[in-house]
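Shared between the two complexes below is chain A, which pairs with chain B and chain C, respectively.
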Partner chain A sequence: MATTETVSAAPLPQDRPDEARDERKSLSQMVLQSGTIIALVGLIVIFGIMSPSGFLSLGNLTNILAQVAILTIIAGAQTIVMVTGHFDLSVGTTATLSGASASAFMLSGLPVPVAIILGLLVGLGVGMINGFLVAFLNISAIVATLATLTTVGGLAFIVTDGTTLYGMPEVFYWVGQSRIAGLPMPVVIAVVVALVIWIVLKYTTVGRRWYAVGGNADVARLSGVSVRGNVFWAFALAGLVSGMGGIVLVSRLSSASATSANDYMMLAVAAVFLGMTLSNSGQANLGGTLVGVGIIGVLQNGLNIVGVNTYVQQVLTGIIIVAAVLLSSFKSRRA
Partner chain B sequence: MRTRLKIITGLAAAAMLGLTGCSGPGTGSEAGGTSGGSGDDGTFKVAAFTAGYATPGGKLTLDKFVEEGKAKGWDVTLYTSDFDYDKINSDMQSAITQGADVILAGFPDPRQIAPLVNAAESADIPIFSIDGGVEPNEDFVEDVTFDQDQLASLTVGALEEAMGGLEGKDVMVIGHDPHIGIMTRSNLAYDMLEEAGAIIAGGEMKQALNPGTSQEEALKFVTDFLQANPEGLDGVWVGWDHAALGAAQAINEAGRDDIYVTGVDALGVAVEEIKKDGPFYASVHQDWFSVVDVVVEDIEAYRADGTLPEENFVEVEGELIDRNNAADFTPSM
Partner chain C sequence: MSASTAEPIAPPVGQLALQATAISKHFDGVAALTDARLDVRPGEIHALLGENGAGKSTLIKILTGVYRPDAGSIASDGEPVHFAGVKDAHQAGVVALYQELSIVPTISVAENILLGERTPNTAGLVRWPEANREARRHLDRLNQRIPVRRLAGQLSPVQQTMVAVARALAADARVLILDEPTASLTDTEIKDLFAVLRSLRDEGVGIVYVSHRLEEVFELCDRVTIMRNGSTISTRDVADITIEGVISTMVGRDPGELFPDRGTATDRAVVSVESLTGRRVQDVSFTAHAGEVIGIGGLAGSGRSELLCLLAGAQKATGGTITVAGRVLPAKGDVGAVLDAGMVLVPEERRSQGVSLNASIQDNIALANLEKVSSGGWVSARRVTELARRSMENLRIKARGPRQHVGSLSGGNQQKVVLAKMLAREPHVLLLDEPTRGIDVGTKAEIYRHIRELAAQGTTIIAVSSELPELIGLSDRILIMHEGRISGQVPAEGADEELLLSYCYGRNA
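Presenting the complex of A and B:
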């Protein structure tokens, strides 16, 4: 009996430290997991204090949304590829080439809708080449898309002849410069694209297969998932979505140059990395990507408003990406 | 069989990508004719380079040089990069080893070409330059460039005219320091504006990070500045048209008709904006074709009998394009 009493009494003092440890762990997990959101809120608070009338106005909110619209689309494309555990370094140049191609088609006299569709097909084509190289020829995604980045960048110079294309039909500018209910059209397009990607990733079989492939390709294969087919189509869709971003950008700027969207690649990767800290599994996810896009947009806008030098802005953006990746690695070590 | 088919298809795709890339003007080289005469093998070899082939002015000018060089019967090889001077230095050192008779430096940054200059000196090869700086440079036997002081004066003057004076006016200055020409004229304009009593918006010059994406960068600079300072801007001075277009777009989108922008280059798209009588008030045309003509004639004189130009630094002037003459102007870029 005495033994029984001892045994029944013993777990209580041992349970308490376990629970406390679990609580501490879940609290730190929560802080790590929501660190990106805390960073976003922190940035808004800091810039709000530094420039309340400039930063916190409704006009500036619309302004920020407009400024991140194209990044949202291209980061959405990057998210699709990163969900499958790969990487696409060519999303920026693909966007540039699609936008330049659509412009060139319009300037050659093709109707605007046809030119836009052809521009999108250019993006899809680049994505399919990436997908083929990675999925079927087993070339590392970084190597394959780095090669595509270079080649597609060269093609953009050929399409534009190294100069600036302009003078597209006025109706084309509706895509990038009109407003619906006060919202800039690029914002509306970005919301629709993000919504579609979110639905595909979260609620469709193909989305779940992409996550399965990204989580563990071998297990996915053994479960009957066509890893190659899914990786191929993820890259293809990313190319198509990148192309869409490039066409919206060209319409927004009323002109197409040979490098206009190239810089979006780094920002898109940064946004996805920032967003990966928000998921339990550490995988890419669209909600997280949008938070990442928000951080980049708020940071750039806020630093411009308070008058910080662009060189310093670039340094700060880099530091935030490193911080996010570190946060992500701490989290996966604790998990 | 299936694996072999995939490999063949993959190689075909890679070859297609490679070929399309190699055929691009930004990555390849062009060889011209083979008549003429001071090289060891009877050809006059000209190794031309530019790190700015990705810019409209750089491409237009160097393409024209290659075309005119070919017409003269020279063997012209053009080496390009996207502001990668390490590649340019390596390419040019190889070209010198392979027997180039003359080097043409297109829009070089003199701070970054020491290896190729040393190699050329060792091989006793003259370097002719287009837009190679803002002052005489002994590295070049000739450098023909635009007078940056005049470009700055013209555009600051146009802005003054548009704003009705400079005293007490808020002016944003957008530059790009890695480009020596833009850096020089931006700093000159900055000083001119300050001396005339203008207030530099934001307290310092805004720096665009990348000329290729500068239209969007300038769009954000001006949009964000107007958000925070709706009444704090009267004009925007920009060192090149691409960024000036972004600044003008931001002003249009803000619904303002009392803020003016000037640029430099007189790109076709910029001239179209000037014609609209909107915020884009003026730009400056730099006639690079006439610069190419001068350099080509001087290289030809050297080819004929070894004559070098009498002056190693030649400054030419730009032409202001504004509302008065935009309709009559035919852009070359």
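Presenting the complex of A and C:
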């Protein structure tokens, strides 16, 4: 007994020997963790072989970027909420309502910038309501955002009167249809939004507090973190960002319907789940979300090019979500 | 012992770091605290003792701003303070560490240490190198070499506790409150923790130490405050009291017979285990009789819990047989077959394996006994409540009623609900894994008495425990395991702790 104790109490030979071990991972861990990236590369290779001239052309690759730009923005919003350990089912309809409201304001004669800002405020408002319901009234996020999904979806029909709004001022289409240095404007906006969210989540005290709340809300609260305030603002920001996605979409399509962005919700959830498999801790993170968005974008585009119809694409999306969740739960079991 | 009368609290020496006077607190009209007092000097380790439900947790939560008191006053460094929240308490330097809520597993060690408002930043942007350096500085103060960038969830339990202590240091804690910090630590880890606590004390930090392990209190603490039924009964120097004195003050009566009389064992074999082998269990054979209490001991990792899992059918046996009342159980591990044979397991982790904290007492009991409360697939609400009432009466579960949520009960009463749930099946054989872990002395005695009553009715009991006094006091016969095998078998009556310990270490005396 005495000898073992002396050994364990002896000073460690090197200075901080554990720091190096920090970076090392087991092979199986690495394969699991990079599985999602391998899947993305694999998809690109498969579609590249199946349709070398179509899929891999510069034009099509730019096309993929343009197609995923709006999904990137909305998935970014979903990432923020999921970092805090919650869930926002309303990101799609919020985007729809923001886009439709902005369009309606423009058609009513308001200047384009004012209409855009009002549209963004609509998104922020929905996010704040979600945040209030979840953080201050303690309603579970699924139930609260399911309710706002329904309500906001209804409001979008009221705003558009069930029709499609079009004929907005030409200058508005600059947001969704112009190009900067050959890149479609939505791609540029998505990159900026993603960069900002990434910085906020990784390098700001607010973002780190969101991670603390998502990791263990009780510990965070007992350490003096305001869990309610942080959850509230995460939902609020997610609403604002979703609204941004909706407005860019409407500008790209030149029209606003009562359901234009609704489908992005499921895809955004899928992207975030896929991305969660990429982090050490199994938490939502923007880098991972982007890989998830990439997989969904490549899959949709590639399936289109090789001629698989959209219904099958939808089936595949569902299967991918299950696969991603399985993969991440398998990983956390190993950890 | 004049324990029942309140004794005057010793006059303060110098300025008190924290002083709580005449605190009272009610929940839903039920008094949790009536006259709680605690004074903490700078540079002392002060034990806060009391049975489960005595009000220790409530008092701690009031001292740290989680709850607000109905009446009474708190002073920090002689100045009256009112904590509206955890933040206020932190600002006054009062920080608590909770056993199950010490760290956020999914963020880094550094972030855990600087959690709260203490991350160095410029206009909200975290200065990471400085944050990591700062975190390391706090760990250095504790002599801990933990990589600050690692995820806190990947650390061992003692490292997680150290990280939580470092967080308290980062918050400039002058009063540090630890709630059962050693529950999941090994002996060596406990020594490390004690060394850290002593050095903090020497730096002038006032430490409040809550534990059910009285030996620890006597080893570590300078003073002790004892609570009973929501009131502070006495505060003494540890040097002036004995363990027996503490126990009698805690329960308000002499500890008397903690363990009931034995002598209920019969000759009728109920469980026979032959050459049982499985994960961590090697060639184990024994027979248990009706009315007999068999205690199984051994060090952590000796295979004692795995043996219980094999018996309960929760794990697959690779060799040997288990026979219960003449029936040979399937080797592949079949919980259903084990239950059909009349053998039930009361698991160790009551919060995760034993009860559903969000459900009521009656639902917890009913869910494990649906066939008793239903007919033709229909559950009878009346029978659910009746069954719960009977169980509550039998085990003297203290609750407002069968509909009270288990999560709001004290630890001892939660454990009784686990027992009640299993006993409602009227088992022939009861398997117990650490039946009294984290439970106060008074409830322990009740549970022991109940176990012995069951034995007197002919039930066979096989109990795993890491506490040797419990094995000796409770059992008729003790089996000690070492590296998966039974290394010693002795009658419990008059068994010698030293002998048992030598079996635990595999030295056949």
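Convention: the second predicted complex is superposed on the first by the 310 of 335 C-alpha atoms of A that agree within 3 Å, B and C clash if a C-alpha of one lies under 4 Å from a C-alpha of the other, contacts with A are read in each partner's own complex, and residues count from 1 in each chain.
Operating definition for what follows: a contact is a pair of C-beta atoms (placed from the backbone, for glycine too) under 8 Å apart; a residue touches a chain by one contact, two chains touch by 3 or more.
Keep in mind the model is a prediction, meaning the values are calculated, not measured.
Engineer: Between chain B (first) and chain C (second), which, if any, makes contact with A:214: first, second, both or neither?
Structural biologist: Touch status of A:214: second partner only.
Engineer: State whether A:113 touches chain B only (first), chain C only (second), both chains, or neither.
Structural biologist: Touch status of A:113: no partner.
Engineer: A:164 in the overlay: touching chain B, chain C, both, or neither? Say first, second, both or neither.
Structural biologist: first
Engineer: Of the partners chain B and chain C, which touch A:260 in the superposed model: first, second, both, neither?
Structural biologist: first
Engineer: Residues of chain A touched by chain B versus by chain C: which partner has the larger set?
Structural biologist: Looking at chain A, the partner in contact with more of its residues is B.
Engineer: Counting only touches as set out at the top, which of chain B and chain C does A:60 meet: first, second, both, neither?
Structural biologist: first
Engineer: Common interface residues of chain A with chain B and chain C?
Structural biologist: No residue of chain A touches both chain B and chain C.
Engineer: Taking the touch rule as given, give the residues of chain C at its contact with chain A in the complex, in rising order.
Structural biologist: Within the complex, chain C touches chain A at residues 64, 66, 85-87, 90, 96, 98, 101-107, 111, 115-117, 119, 121, 124-126, 128, 145-147, 149-151, 153-154, 167, 171, 188.
Engineer: Can you check the complex and tell me which residues of chain A touch chain C?
Structural biologist: Against chain C, chain A makes touches at 5, 8, 12, 16, 18-19, 21-22, 199, 203-206, 208, 211-212, 214-216, 218-226, 280-283, 335.
Engineer: In the complex of these two chains, what residues of chain B are touching chain A?
Structural biologist: Against chain A, the touching part of chain B is residues 6-7, 9-10, 13-14, 17-18, 20-27, 53-56, 58-60, 202-204, 206-210, 212-213, 215-217, 219-221, 223-225, 227-229, 242, 245-246, 249, 267-269, 272, 333.
Engineer: Please output the residues of chain A touching chain B within their complex, sorted ascending.
Structural biologist: Within the complex, chain A contacts chain B at residues 51, 53-55, 57, 59-60, 63, 67, 129, 132-133, 136-137, 139, 147-148, 150-151, 153-155, 157-158, 161-164, 166-167, 249, 253-255, 257-263, 300-301, 304-307, 309-311, 314.
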